[in-house]
């Protein structure tokens, strides 16, 4: 079968020390410190064989994620952008949906409590949490100590078939009544679940009638916009300098978009909320030194108490946090990562079944063969949000 | 000024003992044990004078509540239906909106943090919580130990003017952009807040994508339907035998209506939810012995864990609760009363400003003079939901 | 190796229908409907072999649980008392501690994140949750849809060795500094975790300075007493008619014990709490029709709002719940079962390491050979709390 | 009557602008920008007269707080240290207990629900929350928009008598059984409530068996130490460089004290907790740039997920927060201020009644006349924790 494979050269930087879970020459938790000269090619691989707790999925759709781009994008010294868990060569692709093609003897469908059926449409968590470490046993699979990641450290879904443990799969049957192409929206469940985990599970959600502010209209910020309007946000403000993204934010339900480069962020929030501010702020830009002052000054100058700031974007910079603002306004900051556990995937699917349509996020559909080309184009393209591969 | 006054005869039943907070001949916490032969008349009263912490409101709208009907409705022995806090004679009316006409020296507008402005449109909490007892100081005004109630134990809003403490008032300014008649929807904020307190504050709300079941399509059940759809309920099922109410439930957002007299409740829920059941059940019928088995069997036979059953309707009957069902399904039961505190009124107003339109609940508009007539008609009428008096 | 085995005759009652997960002649979820003429014997079994994700434990201690007694106790018609999941013949015993004797290739120690070490002292969850069904994946292993139970449906720990999945094991190393016999207290972690899950996880715990009331001084009630005093309960009241148990309750930290047969429950609570009542009530008697009125009347007559009633004891009777009391006092009822997940086992172990000594619950120590004898004695004995088998 | 009065000169710094709630020449929210040349004297004042909702308290004890010292301490330019709400001249003193001497007609005792009794022993919240603004009405009196503060902007308790609204008073009757001098411990309830609000209300408390780390062994850090041990903390670590304070921390229940100047903070925490880390960190030093890296590195290097960092100390410096650490470890930061609402005062009193003895915090007892002298001494003294004035 055809697959999009990324390979790179294991060449650790001088100061790099092999971590306790790293495997020399093969796997590291700090990709950008180790891998250089990435290459992406269409290769021919064998159809995977399944274990007794696994299913084989015939892939129907798979989206391109920013991290796919960053694994293939390099700094001047040739090292890759992507800083996280990686084991190359690997088949890329982790935002996918497909149908069950083969079923292991003990592969359970959570929808029925019984063995999976051939043909069941499913999507899959990208995080292969172990289910045996302490965080997993305590109910926090997003913080698994022995994580593998589909499309990063094990083979992903830019391929005709993929084998995955059945416990990571979620049925798409509910989507059949509303959507013609359940695999198209199905491939958006993974990124939507990252946003849902951030604002609903970690951020604690909102009460209907509360205001929210989303900083950054990338796929996660845009998905969060739609989720929070679905949850009853009264005024939803998105902060985004790119015009194309601003329009997409309005399509996803934003009541107002601020251009933080041209407009005064605090003033605009005060104007749009009658100086009330917001119950929830989502930092989805990755630029904490830029946005933290905006967030904090808004908390300080507006009246709302109990605001929650959710940090979902990764960043190496520190946030300059003024504790007093969080004391006076009874506010808090929470970190968010992952999409697994807590009923997140099934709640996202149910929400979509009830009308939370995320498909406007997909701005282009391509074939598998063009993935290598688009991984390069997307290093600069600002006109696309989510590109989706149709099989 | 004209006012709708209810008077009755203080004639305690033989076994009645004056409670510690009752006032002989004037006020009781157990109305139906004491008052008989109620009479409702249009009377002429003096315009009320305000204290320094009060405002005078020119009433623009006031809805008729079921309890208004029950204060005027009697058993065969002449005693009134309404079992709660009452002090007659009293001007009825507690679901109202109006505009500020006079302002006490220390009457603060929570919207601005400054003294109230003449002409500000407002609605008012019905519960005059004291702010000094332990529950009030701990943040639970719905459980005030020294409660007075507007339109029950102190004069209400079926009158041209009413004087109330400013701390009970909430501005309607936010509603001006969306609604032509802000007083019409403003008069629905009090009952909507009872439903919001039940399902959001006490029930803990839902996560987008979860299912809900509302038992009883009276005003509270119908308001809860709309609130929970606003909060992202995937499947919202209402149980209601009256056809007229069933249609109204669909208008307010119900995805399905079950007629529990003609249909098998558990089977229908399983059909509509793919046997998942619901995250939240609202008991809004007042018939616990009828609906508790339906709720419990659904919890038992469906797959959802963590269901919450909120009891908002008052009833003298016990609920026959099978603890094991709540153990096996990790479920819980909570009691709900009141509408004050917890940001409920302002969140309801913001939700309405953002499009949560409750006005379909109003099925008839009348003048003040016709209130006595309609208090009688409503003892039997099943074709009306909320009747609203327009001044 | 020697083991205490219970066998019985599969003889379903006339109306019994095989459930969807029952296995004819072997396993049922409704033990008392199927099994008759139980026999308990010391047998010789082969030492179990482990799978790659399992460890072999050399058992050092195992307590006798009430359910062990009830599997061996019969009604007049010969059917066993125990109503739950059972597959006979089975080696009994599920409250145990021991040391690691063999380690599967993928058997992870949650303390270290690495493979288990020979000799590590451990205790084990009794519930073999699958980790693959929806409740397990959502973080609720106590509500696993495919549960097996050690000592009920698979072989238990009244044997020299037992093989269990490593994900169920928890290290006892922390207990070494404080306790001479870590296996003695280690065998109490399972029942203590049932109580901890009930009052801390499901009941939400308490704030230091709040009052609690425990109904029933069996092992779960007594463990809850100690846990809640550890959590800062100001006044802890235990209700228990048996004098011997009452004394044990005081040993475990109860400030007062009420004899509900001789004393007026509500009056005594009012006296002991200055009419404040309690934040948390634990129903641990299994007699809901007796204790529900006591609990409810106390909630009603005392001043506390926000009380939580936790139902941990199993019962077939309904609770006659008066919804109005839960409305007026802002109270709630939650069902509790199980001990897995949510960090419960490790928190219980840490608490014990810090001084929460449960060993007074053990009132007798016996050898494995005497288990059959004591399973009979305990059908009537009221002078013992927990009997512990020392290997 | 005698009173300790602080006066100062209103002389705003050049850039100071009068705030919207400031009163020219009298009151400001930014004390250190306005007041210079403070003087503290014993003066003779008239016994205060009470309003109908007030009580007169005969003061029995009043502690000296750090802020009392800072109102009297100046920078080189003569401006006072204390940066907050102040209106001079004012009688100092806000950590006090006394007995009711006179009672207004509507002054309610929250213990009984009735009018206060002469002689009732009480303590008093320092924060005079208005009960009428939005945060107050929503249940957040610590964030009152119209706050006055006893001993800062209105007359305090370094005086024979003080008049206060009854809603701020809490009975000390519960303390009579355990403590000989209920006013001594009673004067510690206010600062203990600040700590309780921080770790229990804002921090969410802990589950028994979890670890905690307190940074800074001032009165708030020490009170938090005792509170968290009372709540079941397994390992409680205090970080404090001053030897005298370190000893006091151990007296209050700390299991370990780290000297962060001499020892490696992260290493020591790993040693004391078997690399588990802590569920709750309390920043009580006011040195965020020093302690934030310690806290964050501990979160990062230890295994615990779900840690909460509570910021209770005021500081002008920013915290350099690394968002990724909070993402990877599922951690959060909350700001804490105040002591009112949420049942905090009554829970602190109940805890003390049950044995949470805070009196070791008091290291010296003096007479009223010596307050001015000790306000100076305490600018440098490191050998005293809490100095208590006995009347």
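By letter and in written order, the chains are A, B, C and D; residue numbering begins at 1 in each of them.
One rule holds in what follows: a contact is a pair of C-beta atoms (placed from the backbone, for glycine too) under 8 Å apart; a residue touches a chain by one contact, two chains touch by 3 or more.
Since the model is a prediction, treat every value here as computed from it, not as a measurement.
Among the pairs C-D and A-C, the greater number of C-beta contacts is found at C-D. Counting the residue numbers used at the interface between subunit B and subunit C, over half appear in both copies, so the two copies meet with largely the same residues. Between the Cα centres of subunit C and subunit D there is a gap of 42 Å. Chain centres here are Cα averages; for subunit A and subunit C they lie 41 Å apart.
Within subunit B, contacts with two or more other chains are made by residues 111, 113, 134, 138, 140, 145, 303, 343, 346. Across the complex, subunit C meets subunit D through its residues 111, 113, 174, 196, 200, 205, 207-211, 227, 230-235, 274, 303, 343, 346-351, 353-354, 356. On the side of subunit D, the complex with subunit B involves touching residues 53, 108, 110-111, 113, 130-134, 137-141, 145-146, 166-167, 341-343, 346.
Interface residues of subunit D facing subunit A in the complex, by the touch rule stated above, are 134-135, 138, 140, 142-143, 145, 202, 283, 288, 303, 305-306, 311-316, 318-337.
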